[in-house]
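Some structures are shown below for you to check.
Shared chain: chain A. Partners: chain B in the first complex, chain C in the second.
On to the complex of A and B.
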């Protein structure tokens, strides 16, 4: 299957991928309105790598694991792997217990900051549109949608 | 091939799914004593609180059963296993034959003898959706509720009822809440927080006698009581296994393939005891993810793909009254060689406790600091040497940047979790 890979050398740590991730998952699909009015948590974690010379970064999304621990731990059945291998979260079913956060070895599941309903936020590879918004909008090609086999 | 599964919860469901993955033709039947389709058992408190309905609580949707061709027989308790003739007798009068059988009968509530308990007709346990439905029907804003047990289940019941009834009192023999996962300090902090939400605690105490509309505690105090919830604990349900003469200690004894002592019969989930990799002993770990993984392992072996259960350890993510507690491994050690690192903020009610031994992480507890907890869990699970990491995990928030570049790349690019 295809998933998003991060290339540390190219990543500026600018956070644009997060902005576009939020917009892609907003109601308005408008970057400004999303920022101002919609309280959305991106499905990306930007990590800083500490090196003696300079700071480098990479952006992390769900790895859509072959044997996903989050699916096994999920007490509600909200988390599941679909026929294409994409690990999805059914928002209506999620109760925000964070069992998935407890077991995801990548730390790729985030708490949704939404005050009303505490649920989680994780990468769905932008299934609705076909191309992940983070990949499309990264200014320095640090994120690529690639086939697993291609990468190996 | 005929596969038969006793118990329609997470262990049974994950087993059936794995069998179907390996064997497209075999016949899969699940027998369930309950009258509802499989549901998220931990969600019964969310149901009682009105946060999920009968529909959303269903664990897998109807398509799942159709696509995987799994036949579920509800309202049918397996009464007797005849391992010689490979047949199971159901309470519906039918007989079910099998080539491979899974026992996934889960837990039953442990109810200690209490004087006069028969006087209170509104006495419940809190393990099944049916329990939640019964409690839901009778509570009013005038009900005085006594919950016996300040563990996970008792506290989840208290949370669900908070604000809906006149009073909630939680009684426990232990000196603190959730004694199995919390040290005294953290437990006390959480207790104070919950007390502000009108739940009263009676710790190092117990219900000595139950009357018609009250209970008397061990210390002589008398509390009004209209509803009594017994949430002292659970124990493995070994009833069905015993009818087949299967070896049982505290739980059903299984090997690493989840096979019982009787040929062609497997067992998984809360009803078994299995390897706890931190104590290197067989234990009953009555936890959801554990039940899933064991059911899946059993299903794999039942359908001819050999697979070993790697063992597990205690882990839990618990939310109540807006508090989020995540813990795994050993959190209250007896061994004096264990180093304990604690970082806390009383105002924010956050707390981080990391426990290390011999250059390895053996446990952690995170109060209201859940982010990226799974990386800690993976350090325990993968037996990672702490001095191989990029930084001291007690000095900095955890991230994947803790792993040296080659290992990190292996994880991210090759999906190699180790």
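On to the complex of A and C.
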């Protein structure tokens, strides 16, 4: 199964992956409207090491674990692993208990900032569009969609 | 100093309707122009720090940014223009010489743009390079006066060592130190892929790049940085740098701040030490001395590698080139006054040297007149911008060209002329690890391969148009050129006729 891999040696920490992740998961699909009118939590986050004067960056998002703890912890059945191995979250079923946020060993599941309804936000590999928006728009090829064998 | 009189060169225009405060510009500007004000949720800019490198403009996801020349106008004055005034302000404040980077930006004539190429019509057929064979391979090195064969038709003349190039283009010398390791890697890998060569510059050869030896020219300059036997034997040729088009008569100075662990090991100097290249080679004060170094290097490498000599195009370039040919060089590189540099005194960059087109024509003519043109190859350097410049250079007599600035532009350089600051936002002219990684060699090398493949294709198209099917048939074929808007003296030096003649 292909996942998004982050290559720290190429990551600039520019944050464009976050911008395009939010836009891809917005209703409008327009960058400016997404930022102005929709309150979306990016499923990919640039982590800085040696803050505040960061020297190393890497982009962090869901690893789509083989044995996902978030799925086990989910109390409503919203989180599940589909037949392709992608860990998905059904928004309608999510009750916002944040158990998945608590158990994710990578900190890759986030609470949505949406004030209307507390649910979670995580990487869905942009299944609808084909290529993840973060991979497509990374200016330095620091994010790649690969399967485990390609990485090796 | 109370108040600075220096006014910002550029202004940063931010379209607030488009800005989404994503802070990409803040994170990407090494000059710290942009800053985010949390209290007002607004991104602000300090115009004075901007060098107009376009990093923020290109990365801004909503294209909310534009950089303009500062609209602050001094009173109209053709003589005392804003630049002249600001330069005085700077020197009055700093007391230092003005520093610049890249090539001469002044509006001197560009002779490439005053020459036009011929094409076949009716009486001789043009050639379609997509259907018929077309040769752009060239060999750089000394050629024998004649070829002798034994009775069986086997060649008995010994052919001196040559550099084989798939196209008449090489990447010019840019040292590790002046440019980043990633930039060097991109150049080396592209040269390997394209079957051409790149040049180490005077900063030695990084241990990781010895594997690209077949596509490397190693340089020996006045500082002798990183020169040892393995280094001399690493490449396909050795280049002695006597001069550089951007700063003829001037040495180099890589500030200690750029000499980190890696650069230090490669240059064989202490970490943090300034790397000073003297203006002259301290062992070369005559053609005979140069000859001694040429043959020392040939001796050291068992006469297996051509030795090239690079000079800046200056007043008596033809006579100098003749001397170099007689001194035993296998190729002469002539670097015109528009050639780039990581750092040069502004006054030298802008006022010393002569146009490459005139120098090239003069050197080729002189060597032909003296009957020694076969003894050296001529490489044209100093702002070759595109494939038609290359075709014109070859018609004027060059064997190949060097490209430096064009190669850097291909991998992201936006010609902001700020290499000397070491804060290149594109990861090219910097040694700061955080900036260097912005240049991904995997992407950059592909861009170089794309650019030169395209140029090679264009060269073939232009050759075909002239009814020529090999680049060797164009060399020195000045009848393929016509001048426009040139005076008789210029035409005479270029050795070409005026359009219509």
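Please note the rule applied: the second predicted complex is superposed on the first by the 148 of 152 C-alpha atoms of A that agree within 3 Å, B and C clash if a C-alpha of one lies under 4 Å from a C-alpha of the other, contacts with A are read in each partner's own complex, and residues count from 1 in each chain.
The criterion applied here is as follows: contacts are C-beta pairs under 8 Å (C-beta built on N, C-alpha and C of every residue); 3 or more make two chains touch, one makes a residue touch a chain.
Remember, predicted model here, so these are calculated numbers, not experimental data.
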(Q) Let's test your reading of the overlay: on chain A, do chain B and chain C clash or fit side by side? (A) fit
(Q) For the three-chain arrangement built by superposition, which of chain B and chain C touches the greater number of chain A residues? (A) B
Q: Figure out whether A:101 sits in contact with chain B (first) or chain C (second), or with both, or with neither.
A: first
Q | Touching partner for A:13 - first (chain B), second (chain C), both, neither | A | second
Q.
Here's one for you: vertex at chain A, rays to chain B and chain C, all C-alpha centres; what's the angle to the nearest 10 degrees?
A. 160
Q: Once the two structures sit on chain A together, report how near the CA atoms of chain B get to those of chain C, whole Å.
A: 17
Q: Within their complex, state which residues of chain C touch chain A.
A: 17-18, 20-24, 27-28, 59, 61-62, 433-434, 437-438, 440, 442-443
**Q.** Residues of chain A defined as touching chain B within the complex
**A.** 5-6, 45, 47-50, 60, 63, 65-66, 69, 72-73, 75-77, 92-93, 95-107, 109-111, 118, 148, 151-152
(Q) With touch defined as at the start, can you tell me which chain B residues reach chain A in the complex? (A) 14, 40-43, 46, 51-52, 56-60, 288-289, 292-293, 296, 315-319, 324, 326, 328, 370-375, 377-378, 381, 390-391, 398-401, 405, 411-415, 417
Q | chain C-touching residues of chain A, taken from the complex the two chains share | A | 9-16, 18-20, 31-32, 34-36, 55, 137, 139-142
